[in-house]
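There are two complexes below, and they share chain A, which is joined by chain B in the first and by chain C in the second.
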Partner chain A sequence: MSFWIAQFLTGLASAASLFLVASGLSIIFGVTRVVNFAHGAFYMVGAYVAWSLTERLSGAFGWWGGVLLAAAAVAALGALAEILVLRRIYQAPELFQLLATFGLTLVAADLVVMLWGPDELVGRRAPGFTGSIALFDQMIPAWDLFLIALGPVALGLLWLLFNRTRFGVLVRAATQDREMAAALGVNEKWLFTGVFALGVFLAALAGALQLPRESVNHHMDLRIIVDAFVVVVIGGLGSITGAFVAALLVAQLNAFGILLFPKISLVIIFLVMAAVLAVRPWGLLGRPDVAQRPPAATSARPWRPLGGAGRLAMAALVLAAAALPFVSGDYLVIAATETLIFAILAVSLHVLLSVAGVASFGHAAFFGLGAYGVALAVKGLGLGMGAALALAPLVGLVGAGLFALAAARLSGVYLAMLTLAFAQILWSIAFQWVEVTGGDNGVLGLWPAGFAAQPAGFYWLTLGLAVLVIGVSRVIMFSPFGYGLRGARDEARRAASIGVSPGLMRWCAFAIAGTGAAVAGALFAFLKGSVFPDTLAIPVSVDSLVMVLLGGVQTTLGPLAGAVAYKALSIWLLSQTQWSKLALGLVILAVVLAFPRGLVGVVNQWRDRWLTQRRPGHGEPP
Partner chain B sequence: MKFRKTMAMAFAALALSGPAVTAREAGLSGEVRVGELNSYSTLPSFTEPYRKGWQLAVEEVNATGGVNGKKLTVISRDDGGKPAEALTVANELLSREKADMLVGAFFSNVGLALSDFAKQKKIVYLAAEPLTDAMVWSQGNPYTFRLRASNYMQARMLAEEAAKLPAKRWAVIAPNYEYGQSAVAVFKKLLSEKRPDIEWVAEQWPPQGKIDAGPVTQAIAAAKPEAILNVMFGPDLVKLVREGNARGLFKDRAVVSFLTGEPEYLDPLKDEAPVGWIVTGYPWYDIKTPEHAAFLKAYQERFNDYPRLGSIIGYSAMHAAAAMLRKAGSTDASKLIEAGRGLSLTTPFGPVTFRPADHQSTMGAFVGVTGVRDGKGVMINPAYRKGEDYLPSEADAAKMRPAGN
Partner chain C sequence: MAAQQLPSSPPTASEPAADGLCVDGLNAWYGQAQILHGVGLNVGPGEIVALLGRNGAGKTTTLRAIMGLVRRSARQLGFRGADIGPMPPFAIARRGLGYVPEDRRIFTDLTVDENLETGRQPPRPGAPQWTPERLFELFPNLGRMRDRPGGAMSGGEQQMLAIARTLMGNPHMVLLDEPAEGLAPRIVEDMAAALLALKREGLSLLVAEQNLNFARLLADRAHVLAGGESRFSGTMAELDADPDARDALLAV
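Right after this comes the complex of A and B.
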């Protein structure tokens, strides 16, 4: 009995840390609608700053003061980032802010290593909470008891803030209807800055309060961010009480789950999310009306297929690309192959994100299904390269089709997070099922055969498939079916009333996107000669999203440009510097600030402006 | 100062534009080129000392005549910590930088990807740190050599010590991925062979890097084991030790722990370092052999810092690469393989030989008991275990490799 109580208390302590981070994220998302990927980075920086301060300041006041001071300092940093970066791009398409915060995360990850060095740092324990207390003959660390108390206290303080202060009233008003709040004269700018700083404060405080439990290191950011976001989604976006309940649920299920299944920690949080969203599509305490915004790709200017000149230009581009192996060495050809593969991946996500208006945070699922499809076909069924390349996309199609059926009730960020859960569950299967997948040691020896064994041959094969996939996606985009997709995206009700089923459209979009991503994954397997669970992991999903956003989510050629720019840059930076993340992050921030509509988006904007000036009297571009 | 310098370096690297800088001028026949890659950005606590180690080795090699009169040039890259990125980098080293052989990697999956790449591209790869047994056995190939004492060897060293303990009820805490799984599997098998009376009473498999140490500690304690096998390392180890100490998990219990004696993992814990754990590691402060003393002196003079295990690995790996190139007298892969088989050299840990049958070096490891001295974690009474004593015979090892390799 005493053991169960102790385990429960331990679970409560774990929940408190999780809640602090998640609450900040939830507040920021609720008001600003920013998917703050940098939340984990602020958590990490909070821990680092607190470590420095608590090492220097002496005494009990020094430690507690240092922790609070660190959280405040990082909150100021967060406010600065909001003013300098985010404030300029609130008008950009939804999710674009994700790109900016992703850039911030990359910068922070390298900066902390530069500033604090490569070693892990172990901070001092909190004065007054160093020992343990015997409860029912189980030793409970005093620090855990502090955290257990802190969770409800923080929840209570936040409740008071949001229900008993003017600031809180304004925040709630903006959460429910930000345009209306602005129309009533609320100064949105500073409200957003204040909310962002508050959220960052909570994250940094949570990071600083880890000092007595764990070491400060440069992996902390990515370890927490996904968990925090899942907790927010389980609880319901924008609901702080929901985040509290969700943190409690996740922590307790983990604490007791490991007794029955010692390996469950890897996926428990995603299993909980999938289960909760299946029953409650808006999270435990979330409301359906929150997060209703036009999808990212809704654009004032409808898309048009390329004209004659555009088609000629594309043909010339393909010819030029095909000539690459004649003028460059193997390395460049291999790097170009990889870039093309990611272009296929980005274009496939674009079909989902831009054409159908469905955000996905788990596109790696379909990429990985393609890659493991190849591994299975070659190693399991003994097929050759051609057959494997034909079979693998079907694996992606089946996976995407089944997933879309299961996710039919969801929309918006909830759906995006369910795709993340799907990808993570697949990842954990690939990771755990060592007999079949080799676990994280992967499947080796998948090298292409015949003409494709040479880098140039495989490059041409990839180029051919890229042209095929991109061409098909464009045909779909501008076919009547594509108009149906876009109609269901922009006006679901009107589309339904003329007989275009938004649900069916979305299912089709998933199937198409999944197949395309699987083609990319299959090619990737042969390019690398091996498949690892990494192909199913979060960084692939993030990269694909970044590529589409970078190119311009409201454009048709954006993903192509974004993929080429992002992948080529990251391959090049990796070979140039150890600080490739810092450099890539700075480039992304620069692009975000300079071109808030993405690389292709800005070109379109310039062209429109130019056309408008040339023909006075035609206010609207043709 | 350090920050400004690194920033300046980062920006300088950015400012330099592509081909003019990186493309190798043709006709540099007066040098031998080694392509080196490791997880510099992902795991700097290990790879920074590792880099210093190989830099020292390169300086020593070139100061004493290079490789048969040719200058040893190392082209070093970050492998991004992921197999796929490492392969991109390996391609660059091979086809653009014209590397004659590859050295490096930390993670087992990166090492395996590189070893398969080496086989495909017919270039010799010397794995420095990856521990997985698959590297030289079930996935072994002629092009791959491995320096570090493998998972199996370290498990066998620890199992030998564990068998001497009176404990009968054992519990396991290990990271939930291939390294943790195979370390536990080998340890269990070897220990149970020596001690059939042993019972395995509990297991916990937290995800690597994300241990929720409180519940894990409680769950292990609830099984009332007499001894614990730990395979967690890095930030997970810190959390486990802190929670375990606070909850009295390690009190009156024997603990056997992989890698914990390495300064990379022991030093961050400072005075909270565990006491009385049986560990493998690198007690640089207590190794009195002349080989090590010479290395220590040179390293400290050059870098004004003490070596970590990474330093030893980087230093020995680059000397091994140079010795292989020297003995081969050529950069031809088949000649290099011939030279590598049975190659002997002296490392700071003493003489090692790359076994002809499986290309595993006989570099050993130090086994000792942890303690705290002057507020720092140390290994007490460390003893060097020679690698050859803990490997299966060459005939047995050869049978574990795929046919034809």
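Right after this comes the complex of A and C.
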């Protein structure tokens, strides 16, 4: 019994830091509508800076001073990032800011290794809280008891801030209606900067306060960010109290899941999150999301199919791509194959994100289903490559179809988070159901057969399938069915009133996107000759999102350009420098700032401007 | 006919731009679609001017464009001697130009007191000064529900709160979008009385209105819009005498 109580107290202590991180994330999203992917990075940097400061500053005051100073310094960094990067792109399509914060995350990940080295750092304990206290026959670290008390105190302070200060009232007002707040004389710019700095301060403080509990390392960022997202969604976006309750719940699930359900310990949080969202689509204490902006993909520039010249250019591009194996070695051909596979993945996400207007943070789910579909077909059913490549997309189709049915009530960021949960559930199954999936060891020996056994042959196969998938997606985009998808995206109610069911449209979009992603996953399995749980992991989801956003979410050719640019760049950087994340992050930030409409978006903009200049007298908005 | 015909007329009389609002050649866009085509109007200090027009004539867009809430360009956009054309909305509000939108846009999660706090700005020399207590004298209903969340109020109460919230910024002038829309007839009379009381305090008002009778209760002068263009500018009496302007107003 006493062991359980000790475990419960450990869970409570973890909940405090989780709450600080999640509440910061929630506040930032509420006001600025930015999904701050870099929040985990700020948490990690907070821990590193606090480590350095507490090593240098001595005495009891020094330790505490170091922790607070670290949080304040990182908050200042956060404010700087907001001013230099985010402030310039609030007008960009929603989710585009995600790309910027992802770039910041990459930069931070390499910078901490550069500055503090790759090894784990063990920090000093908090003066006065170094020992343990006997409670219920168990030794409880005094620091844990401090953290347990800190949680409610932080909740109370935040409540006072938001309910008893002018800053708090303005933040709540701007959370609901930014434009009205501005029309009343509230300077949004500095309010946003203040809110961002506050959120970052909370994250960095949480990181700094972890010093006495665990070593500081450069994996802290991703480990906390997923839990923090889950907490925010379970609690309800924008609700501080909800974040508190959800942090308690998630921390206890983490503490007890491993004891009670060791087989499904990794998946349990996401199952609970899916269950909560099924009952309360806006989280425990959240409220229906009022969309303040049109969906990410809504564009004033109408989409058009390629004209004659465009088609010729495309055909020439495909021919040139097909000629690649004649002029280059195997390494380049394999790299090009991988790039093409990710182009298929990006195009499939584009159907969901841009055409249907549904954001997904878990596109890896369908990619991984395709990859494991191949493993199942080859190892389980003993099928050949052709049959496996035909079967695997069906696995993605079924998975996406079932998921879309289960998620029918959700929308917006909540739906995006449920896709993340779905991917994480599948990842956990692949990781923990060792008997079937081989767990972390994966499934090996999935080699392509016959003509595709050589890199060039497999490259041509991939190119053929890429042309097929991309062609089909474009036919869909410009078919009456595609107009239905876009109509339901832009005006769900009006679409419904003319007989286009937004629910059905969304289901179809998931089915199409899931199938396309599974084709990519299946090819990826044969390219690597193996399947690992990594194919279902968050980096794949993030990469696919980055590719679409980089290319331009409001464009039709964006995903193709984004995938080629991003994948080729990251493969090349990896071979050139050990600081490839830093370089990639800086490139992403540069692209974000220079081309807030994405790579293809900026080309379109130039072309439009050129065309309007040739037609004098046409009014151009300022 | 004595009425000025717009667009074309520069501000007449003793330079109203120096202490009022002077708009000339105002264009505005939603996305690629141009909604306003060279709208011109002016409001002098202490005046109530009605902005009249049918549904879709561009009244709301004109007010939003003046506040900088939609993309716009203008030959002249002057308020109390300053060019507000390049300013973001918050800076325009901080020069003493208030705005009450058509759909009120009360912060529903915030209490009456908190809603008032969001509008608070420092006292402004030469403009009427407001405190919550003074506003509760003007709108007694609000004073009885200071702790009620904005979402739990009736439409009429929300309209009062929206005006009171803007007045907390101690503005020289307020742009008021259809203040009587959707209100019960008795409340409409209260509203007209309250607006006339504001005028006596020295506040100027530009009131977008579809209801000519309500406008007649308040306004000294009127501007008429149709199809995003200015059609008429003059006194209420001149409006009644102008058949073209009345055609632009008659409901479809």
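Following the convention adopted for this analysis, the second predicted complex is superposed on the first by the 602 of 622 C-alpha atoms of A that agree within 3 Å, B and C clash if a C-alpha of one lies under 4 Å from a C-alpha of the other, contacts with A are read in each partner's own complex, and residues count from 1 in each chain.
Please note the rule applied: a residue touches a chain if its C-beta (ideal position, glycine included) is under 8 Å from a C-beta of that chain, and two chains touch if they have at least 3 such contacts.
Predicted, not measured: the structure shown is a model, and the values here were computed from it.
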Chain A as common anchor, with chain B and chain C clashing or fitting: fit
More chain A residues in contact [chain B versus chain C]: B
Touching partner for A:146 - first (chain B), second (chain C), both, neither: neither
Chain B versus chain C as contact partner of A:170, first or second or both or neither: second
First (chain B), second (chain C), both or neither touched by A:535: first
Chain A-centred angle between chain C and chain B, computed on Cα centres after superposition, in steps of 10 °: 160
Touching partner for A:180 - first (chain B), second (chain C), both, neither: second
Touched partner set for A:188, first chain B, second chain C, both or neither: second
Lowest inter-chain C-alpha distance for chain C and chain B in the superposed arrangement, angstrom: 37
Chain B and chain C footprints on chain A, overlapping residues: none
Interfacial residue positions of chain A with respect to chain C in the complex: 166, 169-170, 172-173, 176-177, 179-188, 300, 619, 621-622
Of chain C, residues touching chain A in the complex: 27, 29, 31-32, 34, 67, 69, 71-73, 88-91, 93-94, 98-99, 101, 105, 107-110, 114-115, 117-121, 165-166, 169
Of all residues in chain A, those that touch chain B in their complex: 3, 6-7, 10-11, 13-14, 110, 113-115, 117-122, 131-132, 138-141, 143-144, 212-215, 217-219, 223, 251, 254-255, 258-259, 262-263, 265-266, 329-332, 334-335, 338, 431-432, 434, 438-442, 444-445, 447, 455, 524, 528-530, 532, 534-535, 539, 571-583
Complex interface listing, chain B residues touching chain A: 2-3, 6-7, 9-10, 13-14, 16, 18, 22, 40-41, 44-45, 47-48, 77-78, 80, 82-85, 87-89, 91-92, 94-96, 108-109, 112-113, 116-117, 120, 132, 134, 139, 176-178, 181, 202-207, 209-216, 218-219, 222, 234-235, 238-239, 242-243, 246-248, 264, 267-270, 272
